[in-house]
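Two complexes are shown next, each including subunit A; its partner changes from subunit B in the first to subunit C in the second.
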Partner chain A sequence: MFPNSTILGPLFWIVMGGLYTISFTGFYYWITDSIIKMNWWKWLLSILWFLGLNITIAGGFTLFGEKEIRAGFWFLSVFGGVFIVLGVGLWRLLTSR
Partner chain B sequence: MDEDNNKFNRRNFIKTAGLASGVIALAGAAGAGLAAGSNKDSYTGWGRTAYGEDQFFNRKPFLVDTPTYDKVGETRRIAFIEDLFKRNGELSRLLFPRGDETPLWSFDEGVEKLPEPLKTYYLEHPDALGEFRKAIEKSQEQAGTWDKYKHKYLLADAWSTAHASPIGGQGAFPPQPHGNPEESDFRGVNEETLPLKSPAHGSSLIKQIAYSFGASLVGIAKVKEDWVYQGYMRGVGKIDFEVPEHWKYAVVIAVPHEWDSMYANPTYGTSYDAYSKLRFIAGKLEVFLKEIGYAARSHVPPTSYEIAMPPLAIDAGLGEQGRHGVLVTPELGANTRLAAVTTNMLLEPDKPIDIGIKEFCSKCKICAEECPSGAISFTDKPENVIRGYQRWNINQDKCFTIWNSVATSHARGCRVCLAVCPYSRKNNWIHKIVREVDPRDPTGLFSSAMLAMQKKFFTYPGGQEYLPAPDGNNKTFGEAPDWLMTEEWFNI
Partner chain C sequence: MMMKKKYRDLIIVSGIAVMIILAAVYGKRRDAETQKELIEAFFPSSQYHIERVNGNKWKLSSSNLLYSGNIYIGEGKGYNGAVSIMVQTDHQGRISQLNIIANHETPSYFQKLKINNFLKTASQVKIGDYVSGEPIDAVSGATITSRAIMQGIRNGNTKGENIAVSNSFHPSFGILEFIIVALLIAGLILQVIKNRKIRRTIRWTSLIVSFAMLGFVYNQPITLSRIVAILNGHFPDIRYEFYFYLLLGGSIMAIIFTKKNIYCRSICPFSAAQEILAKTGRAKTFHTKYYRRLKYLQWGFTLGAILLALVLNNPGAAQYEVFGAFFQLTGTVILFVVLFIVVILSLFIYRPWCNFMCPMDGVFAYVRMIRNMISK
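Up next, the complex of A and B:
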């Protein structure tokens, strides 16, 4: 990540860990304040969806980094599209009574 | 009331911060991906080589007792004339003798007038002679058109020539052996040999030493007679010989080409970068083995071999042979160049591996589709039986014609098949997932899905496009690195 530093890489991932923690805490508060009733598998699906979205974005940009621009766009379009559809499905599942 | 309000605000703040953090985390994932893709540290073989860290693939789950090549009939050793470079060298000496001597043979005289063993070879392979003639014509065309390209490819050509400089002539390293292997391989050997603790100790030591000299991958195999050339021995000349007894084991070493230039084949890549590295590694390993009391002989590219490298490397567990005839390793893909050192030091050989390359290649065919010479087979399964072994066989003569056709100063070769191989990818997380999952999937569905993506997502110019005009447009598979692009540094 930071080729000329041995400290910035670990710091980056510590910050990323903090960001994920805050985002899940915020999501938890938001859910508990809403009418959505969650159970363990709904939490699991939500976490997997967000994780998958992150991996998709990282994957596309990895290909950009390799100068495989066309492959990166295809990757983001196909898997990003899949995750948008899955996200809509997941939302409907979470909000269904 | 104030307390309630504060609670409410704090809760709202965390909710808002959570949303913002999620968005920033996604941006962080994009940044991490971008860094992983562009990071030069993920070019295997050019980083932590000295400590063996480039041989990162865990081979244990894929070890097999029998190598993955198929023995289907009576086997025999490889006649030296079956080697393209040896054969072409013999023919070139007849056609273009040194000085002002008149040619000893011309194409118009026909095959019958060729001396043995060329005559027998070309009678059995009539197309090969025509292809060689075509290669010479292309070479002359290439020389004529080089003026058009010499500025554009100046840096690539100079870089290639610089890498080639330790290969030929009196300053070559390692020096060519002189005399019988029973003399030359023992010349300079320390008379005192300490007792080795065990063959396993010997293997571990030699591997670590080879890594320290710059080898990316190291494997050890017993020398199998079938892989030893017949009819020519360096230091002796044309001679039929038995495999020397002291060639008990071969330490097989592999390094990749510099990755960015390799992707930019055929015009920006060269074979000589890997060749010169291999020669230094193998040559130094030969000296090391002799210093600790063992006979040793290095077998190095481009032509200083008595042993065929790919099958030896398969025996040594480094990888498997692909459709393009090149060794495919889990770490380097087809971007794998090989050398070996034969020795009588007692070593523990490695086991061969089966990571499903044959099954992968039977589906992929990208190298065959992209080969500018059409030398690579399209058959689903290996159909050729070569000296008793069934495998895909490339048409070496057609391949050589293209070497003489691309826009390089002279026959610098073409490594498009190495560059386009889906296994020849960087060691970053996205390719690592594929590299680890594919050999573990017995259904083959994963590789089929990856191949579908590979063919749809990635750009392939198509075989003819790699050639100069009028046949093509001097396309390269990958973008040339800026440090090899003359226009980045000079006004042309």
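Up next, the complex of A and C:
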């Protein structure tokens, strides 16, 4: 990812790891403080959605990196669109009583 | 006041009709000139000697007399109108060149033919083999365009050689036709049933069947390009596309007899997609004081697209619907961008495409206007 540097690569992944931890713990505390009642399948669906979204973003940008700009654009648009719709549906499911 | 409205409607209806007729006449004249130039471009008189036998056949020989053969020109019925084919054969009837000299098809269909080497496969068969039917398989996803090309080859050969062929005009009634009749009946039933629960069940069943079958399996909604093709005098082949006559005829008849647009309400597969998205995001109806103006803008845009397509004599130019992009992932980048915006908006606004963008709304509104004017 950073061919001209030996330090930027590890630093990038340290920052990414930190961001993941913050987003997971932030989401956990926010959801337990809110009125949303979570159970095991709601957690499972939320994690699956989050993983799917991450794979979409990672896949799309990997294609950009491979100079497959067109493929990356289609990948991000199609799967990104699907995950936005699924995200709205999931949010409705989490907030339904 | 009532009289004033009646006259206003009469002026609008006849004005639109006059504009459409003028655009179609202009487009036809323009196209005839372009086609002639195209044929001459393929065989320049400096290299070839061409002798006209009849309207579909020309005898071809090279200037140095080393080569002789025939040229056949025929037409097939494509998705958006006629597809003109020019076939060059040697004296034994082997196809040496196959050219599409004019067509109004959507470019993505031709892309599918190109990927599947359709023209190459079609030219490996003797021209005589096309007389009895379709000697090669149509390309899936571009069936109508593939058939139009084979029909054009047959048409040029049989007319050029004066071969008598029996043309059957019997429409085929298959699964798609059955589904359309069922959807039309369900749409009409919805107009008379009062019970809300039953209404909801019938409507959602219709929408889901339409979404799956008319959308994903057959991908056959009514599109503006098909309406323009009809206005241009290119009627779809009734043998293969009987469903289209059922769908369009049934939807127009429903407006005439019940005043209701059942197509947009419960048959259109993309309206079904928007309903599902609206349910997912709990979408709300978009209320604005400019609603009427936005509606006129939508209809004006439809009229503009129809006139442009008629002037260019290219029904494909009027196709700005996102159905193909949504159901088959085919279309231009702009259409995909529009589709993306529409999908996201549909989660929060109730049927944004139907209410503010769909050209079919304008077409059906015009039919309703004529109906109301006559009934008054």
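By our rule, the second predicted complex is superposed on the first by the 97 of 97 C-alpha atoms of A that agree within 3 Å, B and C clash if a C-alpha of one lies under 4 Å from a C-alpha of the other, contacts with A are read in each partner's own complex, and residues count from 1 in each chain.
As a convention for this text, a contact is a pair of C-beta atoms (placed from the backbone, for glycine too) under 8 Å apart; a residue touches a chain by one contact, two chains touch by 3 or more.
Treat the numbers as computed from the prediction; the structure is a model and nothing was measured.
Participant: Looking at the combined model built on subunit A, do subunit B and subunit C fit side by side or clash?
Facilitator: fit
Participant: Where does A:G89 make contact in the superposed view: on subunit B (first), on subunit C (second), on both, or on neither?
Facilitator: Only subunit C; A:G89 stays clear of subunit B.
Participant: Contacts for A:G81 in the overlay, against subunit B (first) and subunit C (second): which applies, first, second, both or neither?
Facilitator: second
Participant: A:S5 contacts which: subunit B (first), subunit C (second), both, neither?
Facilitator: neither
Participant: Of the partners subunit B and subunit C, which touch A:M16 in the superposed model: first, second, both, neither?
Facilitator: A:M16 sits against subunit B, while subunit C stays out of touch.
Participant: Going by the contact rule stated at the top, is it subunit B or subunit C that touches a larger number of residues on subunit A?
Facilitator: Higher number of touched subunit A residues: B.
Participant: Using the superposed model, give me the angle at subunit A's CA centre between the CA centres of subunit B and subunit C, as a multiple of 10 °.
Facilitator: 70
Participant: Which partner does A:S34 contact after superposing on A: first (subunit B), second (subunit C), both, neither?
Facilitator: Once the two structures are laid over each other on A, A:S34 reaches no partner at all.
Participant: Could you state the shortest Cα distance, in Å, between subunit B and subunit C after the structures are superposed?
Facilitator: 5
Participant: Just which bits of subunit A does subunit B share with subunit C as contact spots?
Facilitator: Correct list for subunit A: none, the interfaces share no residue.
Participant: What residues of subunit B sit close enough to touch subunit A in their complex?
Facilitator: So the residues of subunit B in touch with subunit A come to 11, 14-19, 21-22, 24-26, 28-41, 426, 428-430, 453, 456-459, 478-479.
Participant: For the complex, which residues does subunit A have touching subunit C?
Facilitator: Going through subunit A, the ones touching subunit C are 77-78, 81, 84-85, 88-89, 92.
Participant: What residues on subunit A touch subunit B, complex-wise?
Facilitator: On the subunit A side, the touching residues are 1-3, 12, 15-16, 18-20, 22-27, 29-30, 33, 50, 53-55, 57-68, 70-71, 74-75.
Participant: Please output the residues of subunit C touching subunit A within their complex, sorted ascending.
Facilitator: My answer: residues 277, 280-282, 329, 336, 340, 343-344, 347.
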